[in-house]
Amino acid sequence: MIVGDRKPMDEILEMLEPYENILILGCGTCVTVCLSGGEREAAILAGQLRIWGKKEGKNLNIMEHTIQRQCEKEWVDEMRGHVEKADVVLSLACGVGVQLVAEMYEEKAIYPGLNTTFMGYPVVHGTWLENCRGCGNCVLAHTGGVCPITRCAKSLLNGPCGGSQDGKCEISKDTECAWQVIYERLKKKDQLDWMNSYQPPRDWSTAGDGGPRKSVKIEEVID
Amino acid sequence: MKAGSNLEKILEAGKFAVTSEIGPPKSANANVIRKKCGMLKGFVDAANITDNQTAIVRLSSIAAANILLQEGIEPVAQMTVRDRNRIAIQSDLLGAAALGVKNVLCLSGDHQVFGNHPQSKNVFDIDSMQLIRMLKDMRDEKKFECGDEMDVEPRLFLGAAANPFADPFEFRVDRLAKKIDAGVDFIQTQGIYDVPRFEKWLNEANDRGLTEKVYILGGVIPLKSAGAAKYIKNKVAGMMVPDEVIDRMKNASDAKQEGIKIAIETIEQLKNMKGVHGVHVMAIEWEEKVPEIVKESGLLPRPTA
Amino acid sequence: MEADEATSTSEVPEEFRPRIVAYCCNYCAYAAADLAGSMRLSYPPDVKVIRLPCSGKVEISYLLKALEEGADGVMVAGCMEGDCHFMEGNFRAKRKVRHAKRLLEEIGFDSQRLEMFNLSSAMAGRFAEIILEMTERIKKLGPTPLRKGVKD
Amino acid sequence: MIRSALVIGGGIAGMQAALNLADQGVKVTMVERESSIGGIMPKLDKTFPTLDCSMCILSPFMVDCSRNSNIEIMTLSEVDSVSRENGRFKVNIHTKPRYVLLDKCTGCGTCVEKCPKKFPNEFDEGQGDRKAIHFLFPQSIPQAPAIEYENCTYFRTGKCKLCEKFCEVGAIDFEDKGSTVEKEFDSIIIATGGQIYEPDGRKEYGYGEYDNVITSLQLERLLSASGPTMGEVTKKDGSHPKKVAFINCVGSRDEKVGHDYCSRVCCMYGLKEALLLKEHEPDAEITIFYMDIRSAGKGYDEFYNKIRYEDKIAEFIRARPAEIFENPNKTLSLSYEDTQTAEIKDLEVDMVVLNVAIIPSDGTKELADKLGVGLNKYGFFEKSSFSLGPLDSSSPGIHICGMASRPLDITDSTNQGIGAASRATTDLASERTFPPSAGYPELETDEKRIGVFVCHCGKNIASVVDVKALTEYAKKLPNVVYSEDNIFSCSEEGQRKIMEAVKREGLTRVVVSACSPRTHEPTFQAAIRSAGLNPFLLDMANIRNHCSWVHKDKAEALEKAEILTRMAVARVANLDPLSKTSVGVTQVACIVGGGVAGLTAARDLTRNGYKVHLVEKKPYLGGRLPKLASVYPEETSGSELIMNLIESADETGNLTVYPASEIAEVEGFVGNFEVTIESRDYVDYSCDDCGKCVDVCPVEVDDDFNEGLTKRKAIFKQNTFPDKYYIDPETCTLCGECVKACPERAINLETQTSNVSCGTLVVATGFDAGDPEELLKHGFGSHKGIVTISQVERLLHEEGPTGGDIKKHVGKVENVAVLLCADMRWGKNDYCSRYCCLTGTKTARTLKERFPDANIFVLYENLRTIGIHEDLYKEAQSMGVLFVKYSFDEMPKVSYTNGLKLNVKDQLLGVELDLPLDLLVLAEGGVPVEGSHELSKKLRVPCSGGGFFQEAHVKLAPVDTSNEGIYIAGGVQYPKDVADSVAQGSAAAARALTIITKEALEVGGIVSFINPELCAACLTCIRLCPYGAIAINEDGVAETNIAKCRGCGICTTECPAKAIELRHFEDDQIIPMVEQYLGEVTNGG
């Protein structure tokens, strides 16, 4: 899923400073599941802002609303009534959602309430780990299902660097060395050949280094 | 001859090579480098110039290499893939070759979180393995990475690092084999304190015939204090210091001298190992001690190639 | 008011009676409050208890809501750590209160107005003490800044 | 005829027995001679080793007893006489006058306040005061005071009657003469408990004479937050003690006072009190005088180690002080011989705590005579058999539990109390009876018509809160259409008025502003339900406990009462009618594990008339017991005991055995589990014992039945059930030779899968004896003379590999050492296995019996022959077995290269002993059986750290698990001896009976509800539910299993989509209370 973290409050308050009618817009999919932008987080943020407003002597009208997905036009369109009542929308969606809302309500002030951090999964309740960078050229078939592009701090392709020790990455003892994991998995499966042979430089053009990406399912598109 | 460097010649001649390392200053002060050159001249066959080691900004390794050439010491320019993409690397090394640099050490580079610009964006467009192959192709095939041809190729003697003390240990010889396959000419290893582990790695490399395909220079880093030894053991990823070594440093009346002694003992051991073709003495900010270490190890005078 | 009742402090104007909401676990704090009654322990009347099945039932929005509505203080009281009737509800409550305190601090609201306490059902004396402690604390902090009314 | 039982004694064992009987449809009369039930537990501050508040954990059980319609509590009562008629008991019960009428008293306590006389409080062990009319303790059940005749001014002088004057409900009755009733019962449970030894027999300690020598129970009261000093530990002069000594074994292990048994609990409560004392008085210097620290139980040794070695709470001195002198400044001087240094020393302290023994409670002899049951030599009730009948007296139909038979801790008293509930219902023809479900009326209108009833509680509320004003105030609250005040809302009249008003005014919701919902909500729920209203449409404002009793200022109190009432009105307006639903129960049990605990459970369940599926991993039943030459103290062979159990269960026709079988999968929940059993019982019962299969079997392995001393084939037979050949599936290679050789075609090498439906599961998979890895450290396996106790049992067994002659194995038996804690407590396994001191000492004694001239040493670190097993220790000692204390810091060293030798440093004599040995017996402890973790995952029952199954509560729910309907018994929970395993087997059976005796279970009510429209299927609730009650349903969203939900509400607060509500505590029922408290008061409605 897409993981996000709520923006620092100072930044949020600065964005909202000029406005009185504020809509906190939650998103019901990824950011709900990663506990950063769903109904509950929207309610908590709204509560915080109300207290802040009263404390500052502002006459704020804080509204909360959560929709299924802010990254789909139809859903975003459905909340037009709510948006119209607000001067500003603080979207708790990922960057995708914020952009679509901004696009569909061009006349409104649309601000992000989250920093979209990465794509990952919860290791244990409350802790998420990044494990895909969407590089557009998946190598998982060769690496025992562990992505070296994402999980190796140097995105190496030819095995662990000299900083790998006791299964940990050189950048921190809390980070596991992806290549250690890959090595163990492949060894167990008796599939070390790929890792033992030279891997040439990658084509990063699919990873966004070739400019903004677009995915077209030609079978779905009527020209 | 691949590059015709002094280092290459000494190794080709089957002589025991000695290299050392010079860290460029964190400023534009060329005199620092010149001073260090003075210390090393006549005691080493070549000296490495580090490339923004531990991701701390220092004077450029290629520029420093040029100063070494002026001072009459053969440089080994270090090149990491952390800060440059394949375009910049190829360009810089063409320049280096044009200036007369003949040795390059291909490295991944320490991650920038350690350095003084932890907020910077890293590159890692290619990895050290791919860097070796890219430079080999430039030298031997006269081809850029993209396949385009060039007329005058960079003649570079290609080095790489090997770390027998990193994990997974079983993969470390495989990785050496990969580097050889990629086209490396010589290897400088991580600093050796745990000699048995190094030997274990070397024996396997010998068994697989790898030491006949590449020159191996054992890394030696003299210790200054017991505290430094403990720091290296606990804090530096990919390095091992056995407790006996720490104890020796702790119990010594003159710790610095003990560090030098340990370094010399290690070199003595390396000299007698099959598959070791030289030593790489990394006296970090302690370059003045290199002559003593080289001398006491019986490696003087340095042969002329 | 009787002279020996330990509710008056010198610093704060006499008329300020704090309004404090206490979310209490049915199994410990609420029971301790009941026992405090049985033992006729006296404490200030400024706290109103809301009974919950477990302190783990406390939501962050309950805490914020009370403050937003103008409570001068909010407290959560759960079982002693390790003694939760529902295994670990009090630990979840502890985390929530800690988080809520952070949320308050980041909007510049004094998080001392919110506190979590742990006690067992037998600790009637402790309950009275906690109420006194919280009342005193809030009296020192003065009325909630939210009741100053809207500035123009 | 309705099934009925008499429980004598209302302590923890008696309550557990009564609750578990009542919950399986038995009418229970509980007779208690004090004015409240509770026993000793209400006096305790906290309980070891978890330091739970004693009253907190006990109180719900007491309240349950008082609310259970199958339980009649008779306090101030004793059994007068007993006779038997047609297999039933006729019992006369005499009740002493309370002088307070229970049907009238509301427990308001005004009388206690007004009573002018104070006397030393017996409940506080003579510390502090109480009135002549008093509650035994604040939470007493029944919630009514009693007048102490001897101390009452009226009874002494004929004047006073203040209590009567102030009682507004006329509950005081000075004419009360008490009563005697005759009742009939199917069975009787003795749960009369024990009492502490009053140490006046040890004059040298000056108890009762010196100011600051107190008993451990007195200290317990001082530590208690509700004790006489409100939790302050003070000396007689009111100051705080800075130096305190605890003396263990006061009255225990002490022939002088005639209690030479070990009281089993004192080491642990002593440690606990030392710890609590240190918490109260962080500067206090504490010294503990001890003989052995007997911290033998789950988590006990860890508790001891933490206190002694990690936190260093106290100094430990192995000595028994000879005498105590009181100095003029009231400090105390102790003189003692340090047995580890042999020096005579003195110690001066401020306070001495005597860790006193447990002795039979007063009146035990008289009661035994009335019941016609015997007493043991210590004066406790005698059991039919120590090991196999730990809950039975020698008289059929009369059962014993708790400390009535021997000193026990709360956990074991609970085990026995619950267990007695299954023993007392076996082999009966009478019928079970359950209270009918009261029904949950629906609400027919959306109209909110709220009635508010304000209670005076006599003067309790009315003297502080202006009740009339509050009643008028309530009338103006939103949606309130009616309000009235009552003198006592909870009295019969008060309840009738509420019911009438509900009907007359068409009320749809009710608020009672009175006392605590914790005590009175059920009362008023029942009242509105009788008036046709759903019981969940009620809320209470606690204007007594939280208001009138704690505030003195009338204006403030009224204001607070108004707010509390306003809040309750706001909540009740949004409450929804809830209902519970019936789920049918599969009235069958499944037992996993066929050792002594599992078989005991099987016997009790089958003899209660229920079908049992018994799954055993081994191809034969019996577990460890059939291997034993003798079971202490019965001296009967283990296999005989097991065969008796099996026959007793089998003859009912209710038992299905699955040998060589394992649980593959468990689905479902309490009342309806689906269990998949995989069986590898390859040989069927047409086997005619010819043994040809054995001849052809090519697999030879160590015979585990003979503890590896001999070999056997993969197909084999042992002298236990079933009586046929069988194959050990773990070693069988499925080669098929036996199939070909069998003339009866009795062998089929296919795995059979059976699916069994059951309402409950009992897990009794036992423990494994000995940790091979640790035993290796003593040379086990390297020398013939180094054996385990299990091996000795086989070597002494007539049917064992040497025909009972151990000499055949080791040659001569002249020098023997038994090493206790061989694999426990000092290395990898840092816990005490509890039973090995017993088996080790028993082995030493048996060997001494066989070889009187042999030198036999027992090497111990702390000798833990707990309870009456102390007998065994003394017996062995008197026979000449030598006991040597060693230290874990200087472990005994074994050498065997040049003859077997052992070197040990005797910690008491300080000398090193070099012992040449013929036999070194390693007393092995218990470790979790292989596969415990896998089984625990299948059952969704957690394991505690070491791998033993985790009980729901270490003290009061020792056989329950966090998965309701699944119970544990025996070694799977923790290593224990046969008697304790049997008691737990019965306890698990009793718990299982509370499920399968019912045709249906009521579920639902206050449970969580997940709105499928909002659920994002994020799994947060599933991960965080402590009871595994939530799962993703067929529609791909989370759904609560209302049978598993316990209503904590944790899921509701964590759901990121706010899709979950806890019924009865929904956001729109909580938030309006906050708004009504803090917002502007809305008038009118």
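Per-chain numbering from 1; labels A, B, C and D assigned in written order.
By definition in this document, a residue touches a chain if its C-beta (ideal position, glycine included) is under 8 Å from a C-beta of that chain, and two chains touch if they have at least 3 such contacts.
Note that the structure is predicted; figures quoted are calculated from it, not measured.
In terms of the distance between Cα centroids, chain C is separated most widely from B. Chain closest to the overall centre, judged by the mean of its C-alpha atoms against the mean of all protein C-alpha atoms: D.
Interface comparison, A-C versus A-D: the higher count of C-beta contacts falls to A-C. Chain A and chain C, compared by their mean Cα positions, are separated by 38 Å.
A separation of 65 Å divides the Cα centre of chain B from that of chain C.
Centroids built from CA atoms put chain D at 50 Å from chain A.
One inter-chain figure worth recording: chain A and chain B are separated by 40 Å, centre to centre, where each centre is the mean of the chain's CA atoms. Counting partners per residue, chain C has 60-61, 65 as the residues that reach two or more other chains. Shared interface positions of chain A, defined as residues touching 2 or more other chains, are 40, 43. The residues of chain D that reach two or more other chains are 1024, listed in rising order. Across the complex, chain D is touched by residues 1-2, 5, 19, 21, 26-28, 30-31, 33-43, 45, 48-54, 56-62, 65-66, 69-71, 79-80, 82-83, 85-89, 92, 96, 120-126, 128 of chain C. Against chain A, in their complex, chain B makes its touches with residues 81-82, 86, 108-111, 113-114, 122, 124-130, 133-134, 145, 161-163, 165-168, 170-171, 174-175, 177-178, 181-182, 190, 237-239.
Those residues of chain A that touch chain B in the shared complex are 153-172, 177, 180, 183-184, 187, 192, 195-201, 204. Contact residues on chain A toward chain C in their complex (touch as defined above): 8-10, 13, 40, 43-44, 47-52, 54-59. Within the complex, the chain D residues that touch chain C are 45, 50-56, 59, 109, 138-139, 224-226, 230-231, 516-519, 542, 544-547, 549-553, 556-557, 559-560, 563-564, 567, 962, 1006, 1024, 1026, 1046-1050, 1052-1054, 1062, 1065, 1067, 1070-1071, 1073-1075, 1077-1079.
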